[in-house]
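Structure first, commentary second.
Chain naming follows the written order as A, B, C, D, E and F, and within any one chain the residues start at number 1.
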Amino acid sequence: MSRPFTLFTGQWADLPLEEICQHVREWGYDGLELACWGDHFDVQRALHEDGYLAGRHELLAKYDLKCWAISNHLTGQAVCDHPIDQRHQGILPARIWGDGEPEGVRQRAAAELADTARAAAAFGVNTVIGFTGSSIWHTVAMFPPVPESMIDAGYQDFADRWNPILDVFDAEGVRFAHEVHPSEIAYDFWTTHRALRAVDHRPAFGLNFDPSHFVWQDLDPIAFLDEYRMRIYHVDCKESRMRLDGRSGRLGSHLPWGDPHRGWDFVSTGRGEIRWEDIFRMLNSIGYSGPISIEWEDAGMDRLRGAAEAITFLRRFDFDPPSAAFDAAFSSSSG
Amino acid sequence: MSRPFTLFTGQWADLPLEEICQHVREWGYDGLELACWGDHFDVQRALHEDGYLAGRHELLAKYDLKCWAISNHLTGQAVCDHPIDQRHQGILPARIWGDGEPEGVRQRAAAELADTARAAAAFGVNTVIGFTGSSIWHTVAMFPPVPESMIDAGYQDFADRWNPILDVFDAEGVRFAHEVHPSEIAYDFWTTHRALRAVDHRPAFGLNFDPSHFVWQDLDPIAFLDEYRMRIYHVDCKESRMRLDGRSGRLGSHLPWGDPHRGWDFVSTGRGEIRWEDIFRMLNSIGYSGPISIEWEDAGMDRLRGAAEAITFLRRFDFDPPSAAFDAAFSSSSG
Amino acid sequence: MSRPFTLFTGQWADLPLEEICQHVREWGYDGLELACWGDHFDVQRALHEDGYLAGRHELLAKYDLKCWAISNHLTGQAVCDHPIDQRHQGILPARIWGDGEPEGVRQRAAAELADTARAAAAFGVNTVIGFTGSSIWHTVAMFPPVPESMIDAGYQDFADRWNPILDVFDAEGVRFAHEVHPSEIAYDFWTTHRALRAVDHRPAFGLNFDPSHFVWQDLDPIAFLDEYRMRIYHVDCKESRMRLDGRSGRLGSHLPWGDPHRGWDFVSTGRGEIRWEDIFRMLNSIGYSGPISIEWEDAGMDRLRGAAEAITFLRRFDFDPPSAAFDAAFSSSSG
Amino acid sequence: MSRPFTLFTGQWADLPLEEICQHVREWGYDGLELACWGDHFDVQRALHEDGYLAGRHELLAKYDLKCWAISNHLTGQAVCDHPIDQRHQGILPARIWGDGEPEGVRQRAAAELADTARAAAAFGVNTVIGFTGSSIWHTVAMFPPVPESMIDAGYQDFADRWNPILDVFDAEGVRFAHEVHPSEIAYDFWTTHRALRAVDHRPAFGLNFDPSHFVWQDLDPIAFLDEYRMRIYHVDCKESRMRLDGRSGRLGSHLPWGDPHRGWDFVSTGRGEIRWEDIFRMLNSIGYSGPISIEWEDAGMDRLRGAAEAITFLRRFDFDPPSAAFDAAFSSSSG
Amino acid sequence: MSRPFTLFTGQWADLPLEEICQHVREWGYDGLELACWGDHFDVQRALHEDGYLAGRHELLAKYDLKCWAISNHLTGQAVCDHPIDQRHQGILPARIWGDGEPEGVRQRAAAELADTARAAAAFGVNTVIGFTGSSIWHTVAMFPPVPESMIDAGYQDFADRWNPILDVFDAEGVRFAHEVHPSEIAYDFWTTHRALRAVDHRPAFGLNFDPSHFVWQDLDPIAFLDEYRMRIYHVDCKESRMRLDGRSGRLGSHLPWGDPHRGWDFVSTGRGEIRWEDIFRMLNSIGYSGPISIEWEDAGMDRLRGAAEAITFLRRFDFDPPSAAFDAAFSSSSG
Amino acid sequence: MSRPFTLFTGQWADLPLEEICQHVREWGYDGLELACWGDHFDVQRALHEDGYLAGRHELLAKYDLKCWAISNHLTGQAVCDHPIDQRHQGILPARIWGDGEPEGVRQRAAAELADTARAAAAFGVNTVIGFTGSSIWHTVAMFPPVPESMIDAGYQDFADRWNPILDVFDAEGVRFAHEVHPSEIAYDFWTTHRALRAVDHRPAFGLNFDPSHFVWQDLDPIAFLDEYRMRIYHVDCKESRMRLDGRSGRLGSHLPWGDPHRGWDFVSTGRGEIRWEDIFRMLNSIGYSGPISIEWEDAGMDRLRGAAEAITFLRRFDFDPPSAAFDAAFSSSSG
């Protein structure tokens, strides 16, 4: 399909953006999905500092790279989350964390997301990728018993907090692509269904498809693409691998990434369980023409090697459909 | 093995205990695992009301039933939990919930668990079953990133809160059997390993084996019994059933029990995925001689029908081992 | 659910109806799904012979049986079929076969189906079960290449022939339940989708759910019930069993039923691959309250033994849902 | 099929035959497959002691039991085995073990097998079941490297030792049914093929089908019945169960029966992996009309309970085929 | 094995043969399996036009290509087919279709197949690949009930129509390789068995092995090669891929190739389910030394990319067996 | 990890060592695991011939190769084996075979293994790889019944024969790496457990991990590495492939390597069932830093092609772990 291939810079935020540009150019990427952290893309500078956005464009252009989407997972997470704790402090800018009082954190995060839409528009991209957070994720195991009203309130909270943000997205002509992911308001097939309904299927709210989170949930990413085809605004190609042996389970055992006793883990794209062939064929079928972004995470492999091999691996699936049906040739009979 | 079969009364707490006694006698149970809620077993009355315990014994005896263990899952859950919220309010006695300030709730719950050991001893049973709660369960999806120190602190919190309780258990000659279960400090193979280490493998802290929670985690309950054989203090036979179809996932989608879009559900014992034959053979191998308690939950079936069929189903696996090896007979040669 | 259980009489048409009544009464059935062949239910006598229908009712009542649906698979098959050949001659009444000229056969069959609706109404049942036939089934392997226009024409032919019949159904207040089945216009998930669209989803056209035909197609009968819940007008419980070993395939090898080299076969209900537990739970979920009809076919077993054991087997799944959620009892805390 | 059901007495040789007769009569068996050890059937007394055989017949008749086959696995094993060691001493009569010199043991065993044929004929049964032993079984793992000539010699040794025995079988009108089993010259599909060829497919040499040995070899017992249908002289219904978890393997780890770390084990018939439904349907297809003999071995269950439940379990599969094709009824059209 | 690799030109018949020659030479093919349609190989010109065959040879030689087999699937299909309809009209030359009267079409097709043998012989190749058609394929779902006599007649029709054609093949020293394929008289393991028997296993009738048709039938292509080793006259390497998700079934739902709701599809060789490693090892074992022909069909991929990657993929499996057993080296002991 | 890659020379012993050096250098290997047979490494010359070891070092250095371990599988096999027969004669040096009297063979083999430790030390390598043999392997199928005392004696025999050898290893500062393998005293998870216990877990006795032998036993090689991490002294990368089809079983049917009716076979590394990705990740986790040695066996492929592709294949898994956790980058927030 000759779709552009990008690298998501979120896991590389310890590196200066220019160093990343050098790498990805060499590896054959077409562009970057810029993270709104590290020094990669600063929402506030974008809105308030003259020349910042032009500088970003120049830097990308210097390496013949483009940007189709920016990502603000980290701040987005705080918009709805409960509880808010040290985990958020670890990933939020100090000005958003502030004194850490949860409701204040949530409101500053929401304001930042609205600003992210404004910055994206100013930068010339129409897609912001991110997380929503969730006030009910911690009830996932259903014990203590969870009243249905509590679930209802969780989706309502999501709608109440995100609708004003999405109003800004609409005003700016930008759309938000939520990454379906455990910890979030929409983490699987049916929670996506409910989250979309909670915001009345407004077009400003769509999805970032990342199949790595489907693997350990036993979900079919192809069926997901088929069902939500109208809302697939962006694609992140992260990979997962299972190692279930009866002792290592699906819930991770509170073990760190890369621990061999985890039942599953993120691995370099191409080294896991995902049926990329089927995914790319379905992306062709539903007419997705946006970027293919590689989100690279592997706690067991050096990233310089991994990000290079990942794009080689994935390009293999990015083929064009034929111009005619193969059995049409059977009608070319001779006489 | 002629082990006793009991019914756990937790899901029947809306019924007077005597009504339950009538049912289980008729269905062929040998006794009850009494819940410390409803009117079934009241810890404070047991400790402070003359004749209460004698009355419980008389009631059981009237129906030729016995009790080998009492259960206090609901209050136990609050000992370590974070966050504490309306879910806990729904299941805790008012005197423990109090004003709902979390730390106060936790401490009152801890005191009640210590009292539960005292009440058990007074009642003449040496096993209390329950949950521990957990201050880190909500981090299960590992995003936002969880510092290892936060996990360490979670296990330390568990040890700090439970060691004093377990001291009372030791003093009373009673042991606590934690039910390995998502939402708890030990919910799978490796978290059990770590929880046992956190309390220095003290014998007062053991396990209530309930395989229904292993199914959706893809864990092998037989390997679990093999590994933790010395800590299997009680067995609850609850059942689970999977319905994974690519759309319904393992994490439940915040859907209520019995919803057909859930990827798994609890069902009447004997109607699910659990290999009971292997479990009972392993229980024989490790020498478990305690009660077989049926914890009956099925959001799709009437419980009066279900609890009756469950014991018939399970008795089929409660066979005696042979007195001699079968191939010993080959040596009885004729001449 | 205390749904009525019936036996479909189609495979017993060599026996007088009264003999069947004697058997099923003894085996514990509640009624019959009467076939419109043999001497079981004669559409023309029903319409034209005084006392015929009263006699049928009396016979059923004599054995305390009821009828909720009648079936006319055999004649229905001829409405759309192409080619029409000796197979149809073998199952059609002589007056419908006539001279065997295909278009004449199809039109007489269509007229008979309209009469079947009239007879059902006169008999007091509101469901007629049957097949539609198909003019395009023979293209199933897609070689020689099949123009899309040919498939379009096949569905149009179905609509053209069945809409006038369904007009009579509407007029009579009766509905047609098509059995989704290879050889028919709707034989799987997506052909059902298209067939319903072809008749504009008119309510007169619904489905007879029979999971035995899903097994060899690798279809999920539970997902089917979920999707087409509004159109499940009747349920036939026939069973299938696979014996795939690399040599015996899914397409049957033109071998007769019961041949051990077939890759699959119909077997007595309860002796195959179907997950009846999930099916009945889904029937409860979607609120199906009609009869459970056993369609018994097993080329390897005597039917008198089989039909008796099948109802015993299936009754096990016909349980009532509970009156309250099991975890509601957790709130009955003591104080 | 109303085939007779028998119990193989080999694992009950510590009990007097009359006690076994009492049990099996009560459990509903039709007869016994008598072992030539214990006091059950003594080949030499049968040949040399007046009234011995009449006494056996009287004892069986007293309990309304019959015998269709006798078994001499233990002595048969020694005919070809290499090495001969304490294992054989443990199961052989002293007069056959003698001084234990291997070739002498083998020859005395061969003579005893010939006598077994004579005794069977005198007793009025035409089938002797047993093992052949093997001089090459110990090479099964193929290291040290095994020259093809060594395998060739193994089959030749089998033919050389058994052909003279089979000559006696032919002379007596009796046939030998070798149980396909690891440790023997024929233990799977292809070794059976070669063993039959080694004795030129002479009809005196057939097979005792016991699917329990197929389970851990991953062999398809149905395909075996299909292929060797002409040589299925007897059927033993023993059962196996797998417990593969990555640590327990298929080769048994030199662990005793019943050890939970074995990857597989024999279990009471009906409690394992075998698809009995398919086996009995194939037995119907190939026209097997001999006895169904239950060989009961389960190191984890009391045999008195097990042998009683096994026959109840298996009778469920012993149904008659129908008298007519089910779809023949479709032609009984009304008019 | 250094077998030649060819491309089947059937799906490229819209291109002039020379253009194909240019492509395949560049991609590394050794030759072509020429289709008897498009301008690739014209049977009548081959027989009647001076210099035609020499011209074909010259063209191939110009690109250093060879031809080992020609294919006439399209006309072969019409020899036995019933019904004959617009699908055949779409793929047959006008002179064979004629007025479309079915029996006339069949007879002209049969005559053309005989001519194809003559043309092959004249061209210097000894293998003609193709389809037989079938008069009974449309009965595959076995409803309406199919009398055994109708199946018998179908195989007899095949023998009656093909034996005269095969007489010409014999006379010309050419053999016919039927592609086992749904829609044909032999489409799986057992129908192949019966079709071979129908023509008395005459050597003129053999098989073109194409595993892509085995995938959706759940057949084992390796077992097929083992069983029919003597009849494997040619190998076509087409590939299939399954996408079964409970909604998309094995029978294709009358959906066009490439539709994402099909349960299976043809894909570029190397991108599907086929275990090519096992197939090539078995081809080595049975001594197949003919061409490996790539039949390329993928409704989702551009063919110029696909046909190039397919040969690279397959060459990986075309390795030579060793000259000596690896464990022979163990005997090279030092002294 | 930049571990060295070596080729095991055992299957190449028909070639002069220098020829092998030429090949492996060209293919990119870093060194050799030298076999103590052929002309590769002669234990007695190493101990007694001046300059022999220097010459070996020079030869390796000439091709820039190194040696980290030597192997003496063949002689090791005879230390415990029973029976001793022509198979051993085929692989032992004449001076060890001698007159073939079993006990003499065993003792000479034991002496040679002690000498192998001395030779390794003299050569400067600290690991000797090999087999132990077993006196009880032939009892693997557990019939005739095996007394537990016989198994006990087998492990005692192993300890009795190997402890004196291991004393020499300790004295020389060399360790023995037993290859876990059917035919040996330790062939799976639990026999390894018992063998280690039999020699009191003395450090001189460790393991050579070769996953090819785990495949047909259905063992999990990853769990094995996890459990025995302290004893993994060397890694051999041989590969296996299953072809189970119901007829070909796990026990090999006494068929030669490469026969298509075997249920499994050794194949060129990278062409089988082994999950190398998981193996290398676990090797990283347990800190294995020794050589990765390719043991190449494939009865269906030319070894010159295979050994070249195997190293290319395996290098793909030999990646470095990252220097920091990927989610650490999330903390690089901007401000």
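One rule holds for everything that comes next: a contact is a pair of C-beta atoms (placed from the backbone, for glycine too) under 8 Å apart; a residue touches a chain by one contact, two chains touch by 3 or more.
Treat the numbers as computed from the prediction; the structure is a model and nothing was measured.
On superposing C-alpha atoms, the copy subunit B sits rotated by 120° relative to subunit C, to the nearest 5. Ranked by distance of CA centroids from subunit A, the top chain is D.
In the contact between subunit E and subunit F, the residue numbers used by both copies make up under half of all numbers at that interface.
If each chain is reduced to the centroid of its CA atoms, subunit B and subunit E end up 62 Å from each other.
Computed centre separation for the pair subunit D/subunit E is 47 angstrom, with centres defined by C-alpha atoms. Averaging C-alpha coordinates per chain places the centre of subunit C 46 Å away from that of subunit D. Residues of subunit C found to touch two or more other chains are 74, 90-91, 144-145, 220, 222-223, 245-247, 256-257, 327, 330-331.
Looking at the complex, you find that subunit A touches subunit B at residues 74, 77, 81-83, 86-88, 90-91, 131, 136-148, 150-151, 154, 181-183, 187-191, 194, 214, 216-220, 222-223, 227, 244-257, 261, 263. Taken together, the subunit C residues at the contact with subunit D in this complex read 10-14, 36-39, 42, 44, 74, 90-95, 241, 243, 245, 247, 256-260, 266-267, 271, 296-303, 305-306. Chain contact summary for the complex, subunit F toward subunit C: residues 245-246.
Across the complex, subunit E meets subunit D through its residues 144-145, 327-328, 330-331. Across the complex, subunit E is touched by residues 220, 222-223, 226, 277-278, 281-282, 284-286, 319-335 of subunit A.
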